[in-house]
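Consider the two complexes below, in which chain A is the common component and chain B and chain C are the respective partners.
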Partner chain A sequence: MTAVTSQEFSDPASWVPGAGELPRLLPPAGAGKQAQDLMTHLARYGRLPYRERTGTLINDLEAAGLTGRGGAAFPVHRKLAAVLAAADRRRKIPTVIANGAESEPASDKDATLLWLAPHLVLDGLQLAAEAVGAQTAILYTHADREHDVGKRLQQALRERHAVGADRVPVQLALAPPRFLAGQETALVSHLAGGPAIPTFTPPRITERGLAGAPTLVQNVETLAHLALIARRGPGWFRAVGTRHEPGSMLATVRRADGRPRITEVPLGMPLRDLLGDPQPESAVLIGGYHGTWLPAARAAALTLENRSLEPAGARVGAGIVISLPADRCGLVETANAVRYLALESAGQCGPCLNGLPRMASAFAELAGGRPRPQTRADLERWAGLVTGRGACHHPDGTARFVRSALVTFAAEADRHERGRCSATSARPFLPIPTSSARTAEDWT
Partner chain B sequence: MWYASRGTGVVALLLLTAVMLLGLLVTRQGRLPGLPRFAVGGLHRNLSLLAAVFVVIHVLTAVLDGYVNIPITAAVVPLASSYERFWLGLGAVSLDLMLAVIVTSLLRRHLSRRTWRAVHLLAYLSWPVAWFHSVFSSGDLRHGALFILAICCAIAVVGGVLWRLAAAARDVPRAERVGLEMSAVKKQREGTIR
Partner chain C sequence: MNEKLLVNPIECEGHGACAELLPELITLDEWGYPIVDPRPIGPGMERHARKAVSACPTLALRLLRG
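On to the complex of A and B.
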């Protein structure tokens, strides 16, 4: 990974030597894939810079322009300020939750970050807790990933306890293996002892979250960035990325070999550099299964930032970029993912419960060959009917994914209607979990 | 005025019956022929306010009329009237319950869903009390066409409640709904393709 500095950024006053170097969060290139213990961590980043006051970090975060790295890109300082204000107004002590429940099957960046740099996330959790005056901190992660992240985190917490690094005790909590488990209201519902299903807002959890307290939920990567901004300042953070979307982010990139690569890249990086040289006939999926398919030629002209992607109907999201090999059928791949998304509906909102299975079934017909002529129109209509009508954005994201596939793979769908398919390999490419929820226990 | 009171009382009973049935339909997100789903909720709300107007006229005319002496307090305080003490008392109980339901619904925006619902369930108590008040406080509904009407109202509401309970018993647990829906859609589609 070559370090890329922004052409837009040019403020010499805030220039810090070495600020443009990447990776910032992950261990440097030579360090291998070993997890960083507390000694290595302290040697690289220095001690935890507590502010001894609530709120002061929030100004730095605003100057840095850090946005949530869980996918929504919401300004971090605004969320912290909202929690702090709600805590003052309602005289309640807030709770801080680090969200590592990366449920998107195509993403692996949070698990990788927690595995390789747990102390950076835990530093961020402490500093966020201090900034809003919280006395409870929870780290919420999935259990069943490739590595035993839970064990790694327990070990990290023991190391920190031994030197007294943490002021707020940290509890670890496990997320059920559901797609929606990381949605913040589902997360609060789960931690309160209920099923991990989204609830209706308002009340927002920044006002009334876990046990009625104002609750701050931040993605683990966001907290890692926060821990570095607290140490090195906003100017350092802005030395990479663009003026409007500063900083770096972790991306999960899959090229034609299908293997996930987690890299830390500056926002605004050309997608062409991320993808290598994609075959012009193929397609690129940006943002995962709630994301957008784009023709590879179009994607290659864009950069990894919302200002560039949004006119094309895509968003940076959690940094998932997947290049579909030319020998696979995009409709088949999409059908598999849509079936998974339908099965992961929480089953509580009518449009999602009724609409997603219909869309999955229709998409399976489109992928299976010889679809009826009205199937595409049905999909388009249902996508419109489910959008904006759930407690969470699951139907919206699924509809966006389906619609982008109908546009990007329109020529392939024509072929399917004539009974042909251009794919030469039937091996599934997109990673799809095999298990789905059957009983209420699967949600808790 | 005595006749106005009796007339509005009968109309109020009919309207309250309709409101009950619509409320039962709303809880199951049911539909009426020719109406979109959201309109059922709107109809429930508007009819209930109309019923409240009739109840108010019914009570005021009964109090103001000099034919029997009913003190104004008897409208809300049970057993405060010497005339038909018990049956008018039921009317007062029913009206109090109704007021609680209406006030909490108007303030719903400021209440938690649980509080609102707990109070709203009082409607199931208010209606039968109102029915007994209607049938027993005067002789009008105890014979003839109005008696049949009162019985029909009772049958309709009891039937509605039974339908509501049966529908709840058929409910699929949330976690199993998606799987069921997936297999249902799949079967349906296979049916249409062949």
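On to the complex of A and C.
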């Protein structure tokens, strides 16, 4: 289990609007790393507030301004409203899916949440099902890297069954250990018995998803927030965060020691408070391997919200913030991750199938000794060619990551062209899964 | 009418028939896959666009009403 901290920043009251207390989702500081059982959960949060009708929760979610915490930050109320409307129009009973298939290797927040606070996620799943009129619910997760989360979730479901907490039966489903397994259309394909690879939309899955039913897919952290908004209301939710991006979020933070820390922070938190003072000549990766490298000094001036990050070319995403130690080579680290991304392509779309391996190979050349001057121009061109041309956003995210590395590590690339490298440690820093073999069975 | 061309990138196998028939709106990338002009099809081009759509051996190219 990774370290869980609640408030590492010094004086939150000085800049957080309102008097909201954190953590909300994770156990309070001092509670240890034990999973919360149903009794502990109910003592802390109170009973599950069913609304006894579809739809009413959607208004509260709109007032709260909750956005998806899986990375895309899509307004949650709009997704629920779309599913409800499609269900009415097409006279189909919708399906609700909690997505815990956290596939970014650098993220550990969903696994941590599912382990420590499974009941909050399961509450959210029930309430979301009620809000759209669903009668089946599925919780889709990876096998946890360190814990038997499946067993923990079965135990949580048994506890709930014993007291009749759930109105909609919940099925557990396991995602294959692939980067794209959590992508919405890949998830629907897998749950329908096919491979966990993306399909081409339209129609959107909110219209026609699993077994043709309108399908709501929400990240597990999103559902946990939803469960608390249902209990405490939109005003409470907005007591932390910013006016435009309210609430708290889970972040996976890696500083120089490389150890992931899962921390619950308000949106709008200064990155300097998350990471400490910037080391000169160092860099920060925001958003994981579909994310953006920024020079550490630039990142230190930004806050964890899209209004601050987007002008710098970054996004909050799923809350991955990584500080690269100054003794490592950003080009080598990026090359390792790009190779992983290329191996994780589903290989369905021509531009991704052709472009990503070429980008991986060119980046490996850039990371090694004496790259050709042409290599960076090739990378730029291929990044442009793959963007917007896949069935999913895998090529787009990979291109964003590559381009940001070319900018942030430009001086280092100059050094490499002269046969030098500023790194003094060759030990890999970014976490890269080892099993990237690509066979048909891997996807199912 | 405001129709647009849309390629399904999973179905597309890069045969290139579309670019041959409609070079005004479709070019091929260095791997032979089509890069489609995302703008609505201009007047006078609809007939050519329809020809390109029906010539695709994998039915990957579609015309969508804007």
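Note that in this section the second predicted complex is superposed on the first by the 423 of 444 C-alpha atoms of A that agree within 3 Å, B and C clash if a C-alpha of one lies under 4 Å from a C-alpha of the other, contacts with A are read in each partner's own complex, and residues count from 1 in each chain.
Methods note: a residue touches a chain if its C-beta (ideal position, glycine included) is under 8 Å from a C-beta of that chain, and two chains touch if they have at least 3 such contacts.
Treat the numbers as computed from the prediction; the structure is a model and nothing was measured.
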Original post:
Aligned on chain A, chain B and chain C: do they clash or fit?
Top reply: clash
**OP:** Go through the superposed model and pick first if A:A297 touches only chain B, second if only chain C, both, or neither.
**Re:** neither
**OP:** Please indicate which partner A:G390 is in contact with in the superposed arrangement: first for chain B, second for chain C, both, or neither.
**Re:** second
Original post:
Looking at the overlay, does A:N354 come into contact with chain B only (first), chain C only (second), both, or neither?
Top reply: both
Subject >> Per-residue touch tally on chain A - higher for chain B or for chain C >> reply: B
**OP:** Answer with first, second, both or neither: which of chain B and chain C does A:S345 touch in the superposed model?
**Re:** first
Original post:
Does the superposition put A:L174 against chain B (first), chain C (second), both, or neither?
Top reply: neither
**OP:** Using the superposition on chain A described above, determine whether A:T199 touches chain B (first), chain C (second), both, or neither.
**Re:** second
Subject >> Clash with chain C, by chain B stretch, listed 6-14, 42-50, 114-122 or 186-194 >> reply: 42-50
Original post:
Taking the contacts chain A makes with chain B in one complex and with chain C in the other, which residues are shared?
Top reply: 348, 350, 354
**OP:** Report the residues of chain B in contact with chain A in the complex, numbered from low to high.
**Re:** 29, 173-179, 181-182, 184-186, 189, 193
Original post:
Touching chain B in the complex: which residues of chain A?
Top reply: 195, 197, 342-348, 350, 353-354, 356-358, 360-362, 365, 372, 436-440, 442-443
Subject >> chain A residues within the chain C interface of the complex >> reply: 199-200, 348-352, 354-355, 385, 389-391
Original post:
Which bits of chain C are touching chain A when the two form their complex?
Top reply: 8-14, 29-33, 35
